[in-house]
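The following blocks contain the structures, represented as structure tokens.
Two complexes are shown next, each including subunit A; its partner changes from subunit B in the first to subunit C in the second.
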Partner chain A sequence: MSEPKLNRRDFLKLSAVGVAVISGLKVIKYATASETEAGPHQWVMVIDQGKCTGCGYCTLACRAHNDVPPHISWNEVTLAGQVGEKPVYIARPCMQCAKAPCVDVCPVQASTYRPDGIVMMDYERCIGCRYCEVACPYSARSFNWETFEGPNPAVPEWGEPEVPRRPRGVVEKCCFCYNRIDRGLSLGLIPGVDPEATPACINICPTGARVFGDFNDPESNVSKLLHERASFRLREELATFPRVYYLPSIPEA
Partner chain B sequence: MTKFGKFAFSLAIALLAAGITLAIVQAKPETGAPVEQTLNCGNCHAETQEAWHGGAHGLANRDSLFTDAWAEQGQPGACLVCHVTGYDPSTGTWKQDGVSCEACHGQANVNHPAEPMPVQEPAELCGQCHSDARFGWQEWQSSTHYQRNMTCTICHDPHTASLKAVEGQGEEGHSALCINCHRQYSMNFSYSVHKQAGVNCIDCHLRHYGEQADRDVHTMPDHSFTANLDSCNTCHASEMHTSSDEASASLLPIDLSQPETTESGQVSDQPSPLSPYGYAGLAGLLGLAGGMILSPWLDKAYRRVTKDGRKQ
Partner chain C sequence: MKAARKFPRNTLWLAWIGVLCILIAAGVVAALLVFSKGLVLTNLSDRVPWGLWITIDLSSIAVSAGAFSLCAAVYLLGLKRFQPVARTATFIGLIGYTMALLSLMLDIGRPDRFWHAVVFWNKHSLLWEVTMCVTLYLAVLAIECMPIFARFEWLSRRFPKLTSKMLGLHRFAPILAVIGLGLSMLHQSSLGAIYGVLKARPYWFRPDISVLFIISAVAAGMSLTVFASMISSRLTKKVKVDDDLLDRLAFFIGWILIAYLYFRFWDALAMTYTYEPGRTEGLSLLTQGTLSFNFWIGEILLGLVVPILLLLNKKTRAMPFWRMLALALVVGGMVAYRWDTNLSGLLIVLSYLPGNLAVAYTSYHPSLIENVSGMGILAYGLLAFSLGVRYLRVVNHQEITHHAQEKLVAEPAAAD
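Up next, the complex of A and B:
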């Protein structure tokens, strides 16, 4: 007897099962979102547009503390429009998306999630392909075309650098001053409450428009604010789940 | 010995003690040098130290504005409480020249690079030296800036002790800093006659007294940021009633003295140094007390001496 041949019907059946299994696995992987386990803290930033005067101190303090070159802003403030007579600004740090397109597209996993939700950049690993810069819907990433040399004009007036300068040929972005958060936590301080443990842009804000804290802590300032006030996030329709919330400017009665 | 005699006697001793103390204290002006100047903050914070060194805080006891005025007044120690760091009135020495790192950041923390040395409560800290009306503190407390929890360091760079520089919004000088936040008002202001005449924000809202060198030492611009009749009168005096004119004053009920909220405990808890007269007064009191107690014995001894003298 000849060996049973794989006929066309069996082949199609097997193919169908194979495709189903592979796509099923993909769906499961996608549904579990970030591969990193969520840690006890989930840092979020709340920016009150009603209080923001667009002074740009946050941008300057960020430049100094993170040694960002003058032509790059990790935190950019732009005029968005007017509510009544009042100009309204959007201050835009990195949104630290829970489902960040930049992390998805990075071919070398230089962008990763931290357990506390911060989207980290590994500048050693980055190959400068700039996929992430294109993928980011918030234009929060900037490419280093040249080595940043010489003094930083924002130093020392707006603060002192706390992280090393990035080399030429990598993409850089805001990281919620993770170094301040980590140092603060190790000293028993509370990020968002103790200035030493809080991002530089929050501390410098003259009007208190920026608030930082732990989303998991119901007693934190951010949790209370988000509970009491209506808020929105930028480009929510893209399902990136940003960790930066905005409190809209309310027209004066 | 009569009561009066006793009192007169002790008074004489008191005067003697006070006089001697005063003579000693006055004869020794504060020429002491800093005891310890070993802060090495500049090893890591070179840029900050450089900025500080050339600013008013760094120059606090080196600037000729200070040294001349200080020498003129006989180099009193009281000035040094604010003009140097860690001044010890009992020895007349201090730890560092000028308003040093330690003055605001506190004593160097042994774990420093690992543990930050932030400045706690910057507003109250500045107020320890920039304290009363003469130093601008009282007016500052009545300002809306203060009442909305703004701190000195929002406009002033504490290291250079000068105003912060922001990119000018088409404005020159200090107006750029104001307009950086008060954009709404600046929009209308651009079209005003004031603007066309070259008047800027601080000409009315932060009445200042000419150039730094022309100013009396210690006078500060009015930090209430409130324009009042005086600011108008600076230019429009001939067109207006004078500020002493009660009729016009009652028409414009401007009250600068009443802040919305006044926090208690603004008074500095730093000890104010004793002047030489303080020491002399204390010595005088001690002498008076000593004289009262010792007068019977001293009287007896005196009589014995004079009697012996007469016998010889």
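Up next, the complex of A and C:
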């Protein structure tokens, strides 16, 4: 075998590989067209720290409605500090970030954006690599290290499960009770106004510290609150653009 | 060597294989327990979701980097005389990548869905890119290793046509070297970038990790190849090595380590200038905290400084003991670097509370199950290489060097 011949053959093969790669890239473009167009509704949650007493009812109602095991909290309430004499709490659901690190890093597109802004989890697709857990700046994700068996201690006192229990080996998180929103909308109800169409944590809050609604509707409770009051979001410096807003606790004059 | 003469050689060989088989059996039992009970058997947590298995995964891919770098040297740079060493490296590469796959199968929560990344593409995800590259490169390595498997005497006696076809695949070596180089440059660096792109973890969030990953992988991959060749030639007389080739490679590894030390130094220094929550704590975990012994002794002193001195000094490099020691230390330093990189980002938990710079520390020590299954994966790698040396003659410089020389002589003549 002479050398020039070998080289030409290699060259041809290389070009074939090149053509294959380019046409492959075109195919990929169609196969992975995943850009989500923003829909008419953009759900946001507003949590008033001045009203939150840290009772933790939201966590329990969430566990019952979403059948979350007792050692996992999709909505965690922590003591954040003090304003004057008053303790201040932070309730942390999933932030449903508009630029969510978890959506970017998931190798199988198990975390995706819905048109209404909710960051969805596909529990049938998740492979349990836990990259999203490592990437989430809010520790909002939990892994199912073991099978959750037996009755849920939060049921029926705090509500009845409305979504299937997640299997062992997948990561789970809060999805703004998307099932309640979807069912409510199909019945002509307004999420954030009608309790049947509103996330469980909002309904259970005894002090009305949590408000839910459509950011695109200027008349919604959340739009009004965010218009009237100063608000902040968690770790804004990371530019994840969370859809959970907090109204800071104001010291009593 | 002296001890070896007292026993018949086969006894030692069988004892070695026996020990490895026991370790593999224990690993299989541990893996079955993990598959039936779940990852609750590990000491991993939502705070530290990646641990020992990820380190094994990263390290076994890193030691496989000898395959792409030496194949590129032989078939693309035209350094044909290194071909027998590239052959050993390719075989080690195949073993390394299968070890990585085994540890990943343990590590993911749903091993039954391992194929999802191939079907559901998220092109934004570095882990997706790594998965695709590793899958494709494993195929490349398998084809590259076909001529090696064709050397299995039993196979060539029973299926001579098949083995001659397998040997024929050697024709594709140059193009496979190109593909291998591309895929490896991508995923060896992306493994570092998997950490580097996470802005939630300030200690990792920098571009340098991907550069450091690929340089340390090339150094460790070549080191393991040379080390494995040398130790095989000491343990069995069947293996013939060309020490001049290995000496040249060891010298080259010394210079790669200098480059690595240079990047490492500026990478670390740049992190000391301002206080950045999480990043500063991560660095002090390495320099003064729980990882400081690993960092100063394992990574810097034994993993870099000592091997640089031993490999660049002609006298020590010429002595098999010191050269082998230096090469083993390079591999150890690379493993320590992978372990430290993973943990220095994970052991620190940044608070999401507003205006709160508080940093919480967490801890991780692998559980018995993690260790036993990890040992099983390691034992599998050693067993595969031992069998390769004995039955496939993966370390054999004489025959092929001879062959390559003949070719070298023959080719210019044919070209004219």
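Quick notes on this structure:
FYI, the second predicted complex is superposed on the first by the 219 of 253 C-alpha atoms of A that agree within 3 Å, B and C clash if a C-alpha of one lies under 4 Å from a C-alpha of the other, contacts with A are read in each partner's own complex, and residues count from 1 in each chain.
Criterion: a residue touches a chain if its C-beta (ideal position, glycine included) is under 8 Å from a C-beta of that chain, and two chains touch if they have at least 3 such contacts.
Predicted, not measured: the structure shown is a model, and the values here were computed from it.
Of the two partner chains placed by the overlay, only subunit B lies in contact with A:P87; subunit C stays clear of it.
In the overlay built on the shared chain, the residue A:G150 is in contact with neither subunit B nor subunit C. By the touch criterion stated above, A:L187 is placed in contact with subunit B alone, subunit C being left untouched.
Between subunit B and subunit C, more residues of subunit A are touched by C. By the touch criterion stated above, A:C55 is placed in contact with subunit B alone, subunit C being left untouched. Contacts of subunit A with subunit B, set against its contacts with subunit C after fitting on chain A, share not one residue.
Residue ranges of subunit C in contact with subunit A, taken from their complex: 37-40, 42, 44-47, 49-50, 107-110, 113-114, 116-117, 120-128, 131, 174-175, 178-179, 194, 197-201, 346, 349-350, 352-354, 356, 411, 414-415. Within the complex formed with subunit C, the subunit A residues making contact are 1-4, 6, 10, 13-14, 17, 28, 31-32, 34, 78, 80-81, 90, 92, 101, 103-110, 125-131, 133-139, 141-147, 167-171, 232, 234-235, 238, 246. By the touch rule above, subunit B contacts subunit A in their complex via residues 45, 47-48, 51, 114-116, 118, 148-150, 154, 157, 159-160, 164-167, 180-184. Within the complex formed with subunit B, the subunit A residues making contact are 53-57, 60, 85-87, 151, 155-157, 160, 183, 187, 195-196, 206-208.
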